[in-house]
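Scrolling down, you'll hit the structures one after another.
The two complexes that follow have chain A in common; it is paired with chain B in the first and with chain C in the second.
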Partner chain A sequence: MILMPEVLTILILNVIFFIFAVIAFVLSVKIFLKWNFNSTDTSQYKLEKQSFLAATIIKYIFAIKVPLFLFFIFTLDKISHVLTGAMCGAGVVDATVYGTYLLILKIINLYLFAYWLMLHSADMKEESQPYTKLKFGVFIGAFFFFIPELILEGLMFSAIDIDRIVSCCGTLYSSSASSYISNIFLIDTPVLLALFYSNYLLILIFYFLKNRYLFAISNLIFILVSIVSLIAFFGTYIYELPTHHCPFCFLQKDYYYVGYAIYALLFGGTFYGLVVGFIDSKYKERIKNYNVSIFFTSLYVLLLSLYPIIYFIKNGVWL
Partner chain B sequence: MIELKNIRKIYEANKFDRVTALDNINLTVQEGELIVLKGASGSGKSTILSLIAALSKPTSGEVIVDAKQISKLSDNFSSVYRRDNIGFIFQKYNLIPTLSVKDNILLPLVSLNPHAKEVEEKIQSVMKRFHIEHKENAIVRNLSGGEQQRVAIARAYVNNPKIIIADEPTANLDEKLSHHFIDILRELKALNKTIIIATHDPLFFGLDFVDRELEIHKGKIVL
Partner chain C sequence: MKNKINIYLVEYAINAILRQKYKSLFIVTIFTLLTFLLTSVFFITNSIRYELDSTVDALPQIIVQKIKAGRHYDIDVNLVDDILGISGVNDAVARVWGYYYFENARVNFSIVGIDKYEQQYKNSFTNLVKDFDFDDINGTATMLVGSGVKRTMQSNYYKEFFNFIKPDGTLKKVRIAGIFDGDTELESNDMIIMSKDLFREIFNFEESKATDIVVKVANPEEIATVVSKIKLMFPDTRIITNHDLKVSYQNIFDYKSGVFLVLFIVALFTFFIIIYDKSSGLTSEEKREIGILKAVGWTVDDVLKEKLYESFIISFFSYIFGVGLALAYVYIFQAPLISNIFSGYSQLKTSFELPFVFDFQTLFLIFFLSVPIYIAAILIPSWKVATLEADEVIR
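Right after this comes the complex of A and B.
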């Protein structure tokens, strides 16, 4: 078990989240099963009061959990300083059997929690609270992703053995590695770049056509395409090293913490893109989500594209 | 129009400590009507006012104002409903003692973010109507009870609400000032405001401009 202040903070928060999430879960099940907005009987008025309590609990848990993702990444990076062999968060993720699953679960939950927050916000803007049943239903589902995340997080931190030598990111994200990650490097760079920019172009087209479902689907695909492109291509220009593909190192001071901006833009842009498709909000609200999404995604594409361009201008060659 | 349908309100501290404040109340108030709710302390008068003002929700039943189910509104929408429809006059005035007369009257308008000139015109107009214009910049805590009551009325009236609710409005006034308040009430009635007053002050009983007097006893309308 590694007990750094950051780890203790996360673990204490997890205990608090667990207690409140269980309370909210019990209330959510009751609300989901019995909610009838048109009823004016005692049980419905009671449910309305309880829904306010449950929604407030969930809102605060998720509103803290979403930015806490960046804190988790920061913590991984900090732990890497004390683990022999680890150069960044990648080594810490690989140090235990739980790390990779936890990271994947956290990314899924990030979207799930942010979606719930948007759903709640849309629900509160309407007098008839049209999304109440849905939002508590989503929370019941999210609960079964949330609790494993808390458990995996506890297991991961307790399984980290400070005396064990771990792999560095250079080994983990190498084209010669035998892991599933190494498959990424089998894709030809021109094909990958064509995929990346044509995916962005599709997002732009559906933005101008205001086709919400295709816009959301192209954003969903963009999450995967851009992470692969980041690891296989753009990352090498951030590091200015053709063999370095780590998706964690650029979160460090040496690279001006640019990774936080990259991930915030990617997750922010694609999240709002998904919201456009998944929440049937009012026209004005939907246009706002379209604009936020395209703004973040365009900044993301611009930021990543600048690295190879600047490298080429400075050095006259591509990596 | 205000409608209360099959209203029950139970205050429940715990399973063993329950007080039934209202028991199957049915009441309709037409637009422009002035109603006096009378009854002893604890009879449920103020609870009816708080339900109409969306300050609390019933245990069961419906509160409908202008065809809108206000008992179903969430806190945010209840606040908007109160801001746009209700003027309050409280027993203890509920003014901010450290602010001036003008600033107290201005308060209900702040969230509407209106034009400064429009605000000034409205405030001057209500101060004149309720004869408090000479105290415009006076700090409220330095005013007499009657003056404070007039400021409270001006504040209740400034955003031109459809409904005015007064809870024991003369409890802190002497007889002369109470009569003056009744004169103001007559003026408000002439402006076609719907007015609901909860009081046990006999001065309000038998007034010619009052449309109805309802006796509340142990949470029920008995008269």
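Right after this comes the complex of A and C.
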């Protein structure tokens, strides 16, 4: 267990999150089971009041979760200075068995909570509150993702052993590694790039066709494809090093914190893309979501494409 | 997400804060004090760590110690020749140094023996041997002392010389030749420098032994390889690199501020309860206000939003104010009182300057420890207020 101020801060906030999440969960279950908008008896009236509390709590958790996620990545980087062998967050994530699952859960929860927030704002705009039952149902589901995240986070920080030597990202993300990550490098670069850009092209086509379901699905696939291509191809150009594939190192100062921009753009683009498919909002609202999504995704593709192009212009060769 | 911030609500929130002058003042005062205390501690640890880090950089890259029965033991000087044979090693020097306990003042002096014709392992020593001559003049031995040592000796009436008590009980009179200034005060305050021969005489140290051996490696990347080679050649040694020192410093300070934070949690929790209590109890004035607002047509959501704006403004203001105060306290006034927690308890305590180190991560850290916790405390009371019935409270 490392008694680091950063870790303690995260744990303190997790305790608060836990208490609030349980309160919101209990209220959500009640609302989900008994909600009847047309009823006029006192219990429905009480439920309406309680729905405000639950919604505020969930909004509160999300509003702090987003900056806390960045802080978490920051903390991982800081712990990596103390751990022998680790050079960036990848080593810390790999230091315990919980790390990878925690990170995946955290990302899933970000999408879930953001989705909840979109539902909520769509719900509050209409007088009949058509999504109330659905949104609290979604939270009941999200709760079972959120609590394991809190528990895993506590477990991970208490399991980190300072004296143990961990792997560096250079060995974790290399083609000689024996883990599942190394399978990424088996894909040929042209195939990967073709996949990446054709996927982007698909998103563009569905954007102009305004087909919301296909647009959302292509965005969903894009999350996976873009992360794989980021590790296998674009990362090497960010580092200007053919052997370095780490998806964590570019979050550090040496690369001007570009990783935060990359992941924020990817999240923004794909999230709004998914919203288009999942929430049946008004036409004007949906067009706005389409535009936001395509804007972020295009910026993401542009930013990543610029790295190899600039490298080629500077050096005259590809890596 | 897309509902934009309502300026009128913000304006109303600010006015509401100003209306409840004493309540707001009370909360802001306590909150500012808490953030101030927390920020000061983190600023101080950051500065000391920075200072130590720069000291560590000046230290030798590798230190080889002999371990016997699990304890640090004197090392053979001959080992130096073997270590010099390892490729990549620039230089290896056998050091003699130790602590001398001065009973009168109850302090430990660190005594370092140096040799004039040797390659010095510290830059400050290189300049020293150029300027000073440790050879006996008129049969009296001489030494250089740090400023803290000089002060202690003077207060014990040793102005010109000092008497060391040798292991056999006899006295050794050593003249104080001058004051030694190191790169940092942390390094030189409690230090005495003398020739190696004198050192061996005072502590009855064998010619063939040394305290430890420092090794200089030309290429820092090769340190790990050199370490493993030395370890293979002499399995009974403990080898410390400057990276190890850095990590242990980081651990110590993380531990110290971590312990402080654990204690701080109690204060934070108390604060949480006070706020919860304060915002739960409403005066009839406030109740009427809510009633009127709802009668005028405010929804639950509006009242809730206004309350949250109010709390955010209060907590953010206190946060900024507390951090600002801490900046002034630590870097302008050099943190009286609190810095004592971190600087140890020795009589020869170093009076170091806190260098200005600005770390954004610390600001984030304090933000997460203050603003969200305050908002969490008022969340449920605000909801209770917002869902009050208009007709009930106006009545």
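FYI, the second predicted complex is superposed on the first by the 318 of 319 C-alpha atoms of A that agree within 3 Å, B and C clash if a C-alpha of one lies under 4 Å from a C-alpha of the other, contacts with A are read in each partner's own complex, and residues count from 1 in each chain.
One rule holds for everything that comes next: contacts are C-beta pairs under 8 Å (C-beta built on N, C-alpha and C of every residue); 3 or more make two chains touch, one makes a residue touch a chain.
Here the structure is a predicted model, which means the values were calculated and not measured.
Asks: Which one hits more chain A residues, chain B or chain C?
Replies: Of chain B and chain C, C contacts more residues of chain A.
Asks: Answer with first, second, both or neither: which of chain B and chain C does A:Glu127 touch in the superposed model?
Replies: first
Asks: Pick one for A:Tyr255: touches chain B only (first), chain C only (second), both, or neither.
Replies: Neither partner.
Asks: Considering only the touch criterion stated at the top, classify A:Phe52 as touching first (chain B), second (chain C), both, or neither.
Replies: The answer is both, since A:Phe52 touches chain B and chain C.
Asks: Can A:Phe74 be said to touch chain B (first), chain C (second), both, or neither?
Replies: A:Phe74 contacts chain C only, not chain B.
Asks: Name the contact category of A:Tyr213: first (chain B only), second (chain C only), both, or neither.
Replies: A:Tyr213 sits against neither chain B nor chain C.
Asks: Name the contact category of A:Asp41: first (chain B only), second (chain C only), both, or neither.
Replies: First partner only.
Asks: Do any residues of chain A touch both chain B and chain C, and if so, which are they?
Replies: 49, 52, 124
Asks: Help me check something: in the complex, which residues belonging to chain C touch chain A?
Replies: 1-3, 42, 247, 250-251, 254-255, 257-259, 261-262, 265, 268, 300-301, 304, 308, 361, 364-365, 368-369, 372-373, 375-376, 379-380, 383, 386-387
Asks: Considering the complex alone, what residue numbers of chain B touch chain A?
Replies: My answer: residues 5-6, 8, 57-62, 69, 71-77.
Asks: Would you mind writing out the residues of chain A in touch with chain B in their complex?
Replies: On the chain A side, the touching residues are 37, 40-42, 45, 48-49, 52, 124, 127, 129.
Asks: Please name which positions on chain A make contact with chain C in the complex.
Replies: Residues of chain A touching chain C: 2-6, 8-10, 12-13, 16, 20, 49, 52-53, 56-57, 60, 64, 67-68, 71, 74, 78, 81-82, 84, 117-118, 121, 124, 162.
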